[in-house]
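For reference, chains read A, B and C in written order, and residue numbers begin at 1 within each chain.
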Amino acid sequence: MEEQPLPAASTFSLMRNTPAAIHRAQKDLQRKLQEGTILSFTTVHHTPEGFPAGPRNIGLIELEDGQKVSGHLISETDQPIAIGMKVLPKMRLSSVNTQGLRTYDVSYEIPVQQTVKQEFPGYVLALTGPSGVGKTTVSVLLSTKVGKYVERVPILTTREPKEGDADEYVHVSPEEFLALKNEGKLATSTCIPSRDEKRWYGYRTEDIDAIWQKKMIPVIITEMNLLQGLSSHYGRRSILSFGLMPPGKSKRQMLSSLLHRLRDRGRDTEKQIEDRLKNAEADLDFFKTRSELFDDVIVNDNVDTVVGQLGGLVLERVKA
Amino acid sequence: MKSAILGFGISIPSRRITSEEIAHAWKQDPETMKAGLGVTEKSVPDAGEDTFTLAFEAGRQAIELADIKTSQISAVFVGSESHPYAVKPTSGMVAAALECDPFCHCADLEFACKAGTAAMQIVDSMIRSKQISHGLAIGADCAQSKPGDALEYTAAAGAAAFVMGSTDNKNALCQIDQTLSFTTDTPDFWRANGKQHPEHAGRFTGEPAYFHHVREATKGILEVGKIKPEDIDHVVFHMPNAKFPSRIAKELGFTKEQLEHGFIVPTVGNTYSACSPLGLAHVLQQAKKSDRILLVSYGSGAGSDAFLMTMMRDGVALAPDTRETTYINYCEYQKLTAAH
Amino acid sequence: MQSPIYLTGTGQTRFGEHWDMSIKDLMEESIDAAIENAGCTALDIDMVIVANMLGEVASNQAHLGAMAASLLPHHPPALRAEAACASGAVALHTACALLESGKAQTVLVVGVEKMTDIAPSKIAAGLMGAADAEKDAPCGLTFPGIFGLIANRYMHEFNLSRERLNHVSARHHKNGVKNPFAQFRKEIPAEAISMSPKVADPLCMLDCSPISDGAASVVLSTKFESPIKIAASQLATDTLSITDRPTITSFAATKDAMSAALQEANIEREEIAHIELHDCFSIAALISLEDMGFATPGNAIALYEKESPMTINQSGGLKACGHPVAATGIKQVIDVSKQLKNSKSSYGLAHNFGGAAATCGIHILSHA
């Protein structure tokens, strides 16, 4: 590791690696010692002062616990780095300051023999929106209208089957779900705590792959976290993402129309409806704050219009 | 009451330089050099690796294999001739990075190539005296050598770590039956304060240094352990090159088969304080229950630590390396080692 | 705005390598130029706000408010504002707040940066102050590296090719040819962009705005009128580190500032005729257009391949003009005002952000 040259007398010294700063960074080292996945990477050709001369591979890495870090990537072989590769944490000497004090940091090593699918996987039609807005109705009618080209993807869940559940859920035990998750068989998953338990929801990659094999477009009913996960997993452009909004000129009107629909549906108790409305507010805000996750946000006033719109889009994509 | 090794770990850089490459750089005959030293390639640390990072990775692996919590470790001793600092202990840095409980005995050791086994002796005695329940002993080095000197062919980098505890432990792998040390003042190899490269005394490093101490320590432990060479299943001697350990083995009545499992120097080089510990780590992966192991290290200056050990269960293979070894040329080697 | 704020004077230095000019010299030249065409005299200035990021790092000089004030005969009250590359917008926003509150009636806002006195590696380290020193800097990232990560992810998510990205810098350079204040005034063909030396893959040298010296000044007043008014001044922030965000291909701060600015100016985005946006790196131009709602995610490149309904970086943007960090936000407003006067259109927008858009400042100008 090259020693830093002494700074020129008149230069403001960048005291990054001071004893106290190094001491404080120790806690971060522990957090960073996790395996992870490469979300993005770059090669910095002109490193900043204090680092060995480039080129230096750096990655944006999602750690096992979901947190993200930026880290030096170690790749011994000529194999090109790719988004999606797994990495292992390794303790490394990062730099030595002018007083000889050493800074250690966690670098991420790419183990050999990884192949990551690079081709465009296919399109997924995702419908997001608050409970009661009509996602299931729309998706069912869609598979009737353009049934040759779309198929609904079952949602895996650990929650108990309820009366009135349509056939969109596949119920599994928490152990089964976590096993699938740990084996990497889920495209994405999320845990939604409810009053008395933690409920997991997710989609199996093999269910989606199977639909693509048939040259059809998977249709997914989803919510905020799962949509984010799908976008990360398959890439944003794979998701034909539509938000469904209830009719109403103001948020209060929208929530009111949801309330009526939920009551009409007759599937939930008043308490459950109250919970759903609270979540609905967050869902509506999500359309605004995460607008980049949506190709369009449609008002579900007339189900046939919406189905017609989506159907047309499906046919367009399928022809392409 | 005896102590036992519960888990072990190794860390060797993935870069190598061949003896051929070094010989070409200095216009020496590669075949002569390889025949003389018996080393075909050695490990080279990359820009971000040093004695601490290697010791840490080896320690991590050892703790995982031992299947204990790091908070159970009450002693960390690291032996090296290339501690990152002259004053600021590697052992403290390793203990903190591994998240051991701060109430932990830590100190760095130096005794040339036997500092790692000295660490093992200290942890062994702390366990036997019931002062601690679990301890971590590490030998680690990024050895320095003067460009153009014969040592350049063998001075390598690596680390081996041992988690030790009581023989009662459910994971007890290998019991330490006996250990002794033989020490003199012998000026065969030294590095003065402030100097980057060590000096050595040529042929004086043979008989009066390596052979004398290894011989005496081995004879001593065989006597104390009341055991004959043919009863030993695996022998690990310190390996400054391939010739010295082969010669002393033959002289003392040990066969090539007994040496085989721990004989890693031809393709790794001499990892100094990690040398015989790494040999032991390789044996521990392949030995069977009840196998007897003899380990004799040697540190210039000079001294030898000898251990008699018994496998309490079959050896455990370490996870295969996830990296590919890459070969570098002499120019890259100089770039990397210039600042270490 | 509660009372109309007029843009009554503008002036800037050329941006580039000014070996003979210090921070003070740069400020002085731009201030003189601004007062020259202002509707008031130097003595009418009640307050000076200096925007600057790297004074301490590059010149061992803090306290730039007082330095600028001392360039005026009556040394009025002064302060310095900093928000990395958004320092200019933040200084303008502060000026608007002082003007709206009546604490001042005429404010001189000066953005200045002196970057060429120290080694590029030191400047790169200093610029990382715009990101998170504990989360982003330790692994050896530079800002080109941060935007290299962003560009790589954007290309992955939206299948944008390297070839198409070339159009961004090529267009900016073409626009800069006619700007006498631009650092670079030569057209560069699109193919040459990706053939320039790599800086932080996939970004090449010609995707990155240069290191430059420069200063830009404006005089804002509630007292001295002019045809150009500040119709909106809005700031927004986001996390410093991209590791703390759910996505890196969209900047929340731009979205927030944009919707607030449109609301303040009470216009639709379609009414905007000219925009100067923050193209610190080519990819930032595309993401910014999408965040401001001028294109859907993944599709902003079309605005560079075809004609766009509004002009984009007609001055040449940061790429061709140069990017003396804190001067940029002021210079953008100057360019929008010139474009409005020229075209007689009603609305123009300056979009300025700092770091990886951890601060975004948007100003909408109206032309009477």
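Criterion: a contact is a pair of C-beta atoms (placed from the backbone, for glycine too) under 8 Å apart; a residue touches a chain by one contact, two chains touch by 3 or more.
These numbers come from a predicted model, not from an experiment.
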Contact graph of the chains (line, ring, star, complete, other): line
The larger set of C-beta contacts, choosing between A-B and A-C, lies at A-C
For the pair chain B and chain C, the C-alpha centroid-to-centroid distance in angstrom is 59
Per the C-alpha centroid definition, the whole-Å distance linking chain A and chain C comes out as 32
Cα centroid separation, chain A vs chain B, in Å, comes to 46
Where chain A touches two or more other chains at once, the residues are 72, 94, 107
Each of the following residues of chain C touches two or more other chains, namely none
Within their complex, chain B touches chain A through residues 14, 47-50, 52-53, 56-57, 84-85, 93, 96-97, 99, 322-324, 326, 339-340
So, in the complex, the side of chain A touching chain B is made of residues 1-3, 26, 29-30, 52, 72, 74, 76-77, 88, 90-94, 100, 102, 104, 107, 109, 111-112
In the complex, chain C touches chain A at residues 56-58, 60, 118-122, 124-126, 128, 133-142, 144-145, 148-153, 156-159, 197-203, 241-244, 246-250, 252, 255, 290-291, 296-298
So, in the complex, the side of chain A touching chain C is made of residues 10-12, 14, 16, 24-25, 28, 39-51, 56, 58-60, 67-72, 83, 94, 103, 105, 107, 120, 228, 231, 235-237, 289-293, 295
